[in-house]
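There are structures below to look over.
Each of the two complexes below includes chain A, the first together with chain B, the second together with chain C.
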Partner chain A sequence: MGTANLPLKNLLRRPGRTAALVLLTALLAASVFGGSVVVGSLRRGLESLEARLGADIIVMPAEAESKVSFKNMLLQGTTGAFYMDASVLDAVRGAQGVELAAPQTFLASLKADCCAIKVQIIGIDPDADFTVKPWIDERYARDLGDMEVAVGCKVTAGVGETLKIYEQYTHVVAKLAETGTGLDTAVYCNMDTMQKLLAAAEEKGVSHRISSGSDVISAVYVKVRDGFDVGQVNNWLNGHIRKVTAVRARSMFTDVSDSLSGIARAARALIGAVWALALAILLVAFAMMIHERRREFAVLRLLGVSRRGLRGEILAETALCGLAGALIGVGVAALGVFPFTTLIETKLGLPYLTPNAGTLLRLAVGTVISTLLIGLLAGAWAAARLSRTDPGTTLREGA
Partner chain B sequence: MKKNTIPALIILLLSLIAALGSQTFLGACVHEDGSFGACHWACRAILGEGALLAVLALMALAVKRARFGLYLAMIPASLLGLLTPGVLIGLCKMPTMRCRMLTQPAMTILFGVMLVAALIGALLSRRGEK
Partner chain C sequence: MLRAENLSMRYFRKTGQANHFYAVKDVSLALRPGEVALLTGRSGSGKTTLLHMLSGLLKPTEGRVMLEDTDLYALPDADLSRLRNMRLGVIPQGRSAVDTLTVLENVLLPRQLRGEKGDVDEAFRWLAALGIADLVNARPAELSGGELRRMAIARALAGDPEVILADEPTGDLDDENTAAVLSLLRRSATEDGKTVLLVTHDSEALPYGSRVYRMESGALSEQA
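Here is the complex of A and B:
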């Protein structure tokens, strides 16, 4: 009698039992793969934010934090604007230990053309900028000209299109690479363009004026010279420049990093619990299955199938169930995570950047292998128990 | 329960989720000024397509002899639902809008699974007729 197809025939003969085992392993694989992708995306998002910001200190108006959360602007793309006198830039540049200081000016658009959503417009000084410009340089080799804008990857307009902001027509010259942060929903222009947009906004009743004058900026990004302590420079800026707050960029990341660690811990605990539960259920399921089929296995032994052959039969059934479950689980998790990337990013409020295809493939293969191994572990335990039983005794005992 | 009724049960469940979801938890948002975008009308169309598929699935469960033909009818109906948000009826342009980040992917998955289930149902019913 040929036994090569026996595992598959056994599985097909009992579709209910097989479906339950496959479902269990699929749940295990889906939790591992889905959890790993989400945690991996959050890690990559944080790395991307750190790389993108590139500043040690950010100087902004003292009331900025109460007016709009600067962190939310960076992470979630919340629109907002606050202003301080442009002379702050010179004061920052004059501070000891400051290597580079680049100004940025913010403006929140009214509704964009397409839908009911505001867009954050950020004016940069291409000569001084060291944070956004390297990012723009990846897609556009020249400096941004007058009424030229570069847009984040989640802004609707494409290269060559015209974007109307406060009734001013701007020309989109670059679409920037994805960062997984709020920067993806912003529009970038040079300071001359920003002045025109501020004037146009003023006409529409969106005032940016401050008591000291009309020449305004929103933030100064600072890079500290090597050999100087970032904390000391930060304290000096806070102590010597009036009406501003200097914030260490690292401290903003610490909050994000803490949230990320919390989510990663929760995901690991959940995955661990699912693994423990699945292993326990698989062990019980296989023990019950072996008990139910002990007479069938005894007959096979009496027909000449060796103990080793019987173990192989059980392990083959386990492997088939495990493989099917792992593939289904990875597929279901992929369907549940990848199409909803933007939704997950929005709901978590954290930088979220899906890992590249190579990493995803490695994660998927790792999930399939680990799920298969856990199924085989449960099957091996059941097979070991069976091999200790004498087939003659089993058959004499009756049903 | 016959094997070829399982796809109809799946389609019935998913079509109800699509139809009711498009008007509630999977639906598009209302703009800040209270106006409706194209996405609102895409959801209205999905309501009709979901209801149509639910009726076809119920008929497939009830009328054994017409099952094969009903499964065949569900294939273009699912395809229609699959193409409605974003292809046949436009959605908001910003990827961060609710219709783009929730409605469209959810409907793609729901109608995609219904399409596969209808194909399997047709295959199983055809075998059963022989």
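Here is the complex of A and C:
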């Protein structure tokens, strides 16, 4: 029987009650979608960092950790520099079990040089590098040339622009894809360019030399050959090469991973609590709504609406409220999360990379469906209670 | 013809000497097309219970209700609901408006529930006959008790049912409107061939009835 537009009329002509139900479901949807996006971004940020790092072991000067937190350089983009003799690279390459060893040299820009803030400049050897180069290759097919730089996505310089570092003009040839880590605030160049920048920095009084005339590097990224134990290679490097510290890359981020797991657990618990609370509130709200409207429903039965038709009417109202609430909630959460990714990243101090559009769409659709389901569950419960009520008895009450 | 055959409604209760009582006991009744049957009796005598059973709203504990050859309570809910919509016009006691609909929408509702568009002109005619044509766009919350009652009568008549079952249809009406409603229901029976049952306390209704029944303690008797 034709009751198709009755639910819509009921909702539109009771705006206060409808707004309350929509608000409730919107809160649920916003918490679920917002929480899922934050957790997903943290997870993707860590995965991105691990992928970018790509090394099993990082070798750096023994005093490096006392000068600057290497982890913070990678996570939050804090600048810092430390140096060791370039001969360390050969020593590392000579170790048993080392498949690849790639040097990197660091230099921190002066604040006023190129950007509003100090940025980390990282020199790489394009022939040996296996961590940064694949990332640069995504945006720039050739090797970085003399005085050419690739910049992280958060550096305020575009492709084709000139970047002045220690009075040296460099040419930006690529803007790299976002990683959600401190690597996004760094500038990358080849070792020849880095040597020129180091010399220019020295002229400005920023000393980096460890002994006059020798080449320097800041770290060696090591990939261990298959079949060799990373821990044993790490121990060998620590035991046989003087004045360096070899650190397993994964162990460097264990606490980050633990923090991430903790945040993800807390977010999941919060989403679960909101879910349970919303279900309880919706059940109460629908029970109250059914009680308030029981005479109206009895009249509909009297006029010829079947039990099934009445259930359909209630579920249609629930579905419309749920759909409107879910869409509003997802929209509000998107407005509350996406414009503030940098703030969230800074506050959490963890790698944060917003999931791609496909994942976001799946999350949004999942949120809408689950919010609809919870609304329908509450509506179905209310409808089941109503169908047990005899319309004749209801019509006599308060007649 | 609408027939009640040995109809009883027994309720269980936890207190008192007996663990059950009869609201309606062993009632047989035949309502014929073209006649207005009046059902009188004191409050609590079982009149409304009987009307609800005849309306297909309350399943009797014993006996059956037949509309022509159809046993109402042998039908599945969907079929019984459709029958109630198509063939029965029920006017219950008290408020019976769908509050979110206007007066006109309420009157058109039985036909729209059938999937029809609803005849607005016909709805206007019934509302005019009952003196509330100027309230078509009003919401039930804006109406007095008497206006709501007349709206319910217009809704029952606009559905063009074979049988009209009205529970105290003149309860909230003044003398003038009482006479108008009773005349209208009488004409529905005599001119349109409808079967009409009026549950009433109102002695003014007596001249409009073809038959008068009285309920007492759940038992039905026909008055001379």
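The rule is short, and it goes like this: the second predicted complex is superposed on the first by the 387 of 399 C-alpha atoms of A that agree within 3 Å, B and C clash if a C-alpha of one lies under 4 Å from a C-alpha of the other, contacts with A are read in each partner's own complex, and residues count from 1 in each chain.
In this text, a residue touches a chain if its C-beta (ideal position, glycine included) is under 8 Å from a C-beta of that chain, and two chains touch if they have at least 3 such contacts.
Note that this is a predicted model, so its numbers are computed, not measured.
By the document's definition of touching, of the two partners only chain C reaches A:Asn10; chain B does not. When the shared chain is aligned, chain B comes close enough to touch A:Thr156, but chain C does not. Residue contacts after overlaying the shared chain place A:Thr185 against chain B, while chain C stays out of touching range. More residues of chain A are in touch with C than with the other of chain B and chain C. Touch criterion met: A:Gly392 reaches chain C, while chain B stays clear of it. In the superposition on chain A, contact of A:Glu296 is made with chain C only, not with chain B. Of the two partner chains placed by superposition, only chain C is touched by A:Gly304; chain B is not.
By the touch criterion stated above, A:Ala357 is placed in contact with neither chain B nor chain C. When the two complexes are superposed on chain A, none of the residues of chain A touches both chain B and chain C. Contacts from chain A toward chain C in the complex involve residues 1-3, 6, 9-10, 13-14, 295-296, 299-309, 390-393, 395-396, 398-399.
Residues of chain C touching chain A in their complex: 48-49, 52, 55, 57-58, 77-78, 81-82, 84-86, 90, 92-101, 105, 109-110, 112-116, 139, 155, 159.
Chain B makes touch with chain A in their complex at residues 31-33, 35, 37, 92-97, 100-102, 105-106, 108-109.
Of all residues in chain A, those touching chain B in their complex are 77, 111-112, 114-117, 154-156, 185, 335, 339-340, 342-343, 346.
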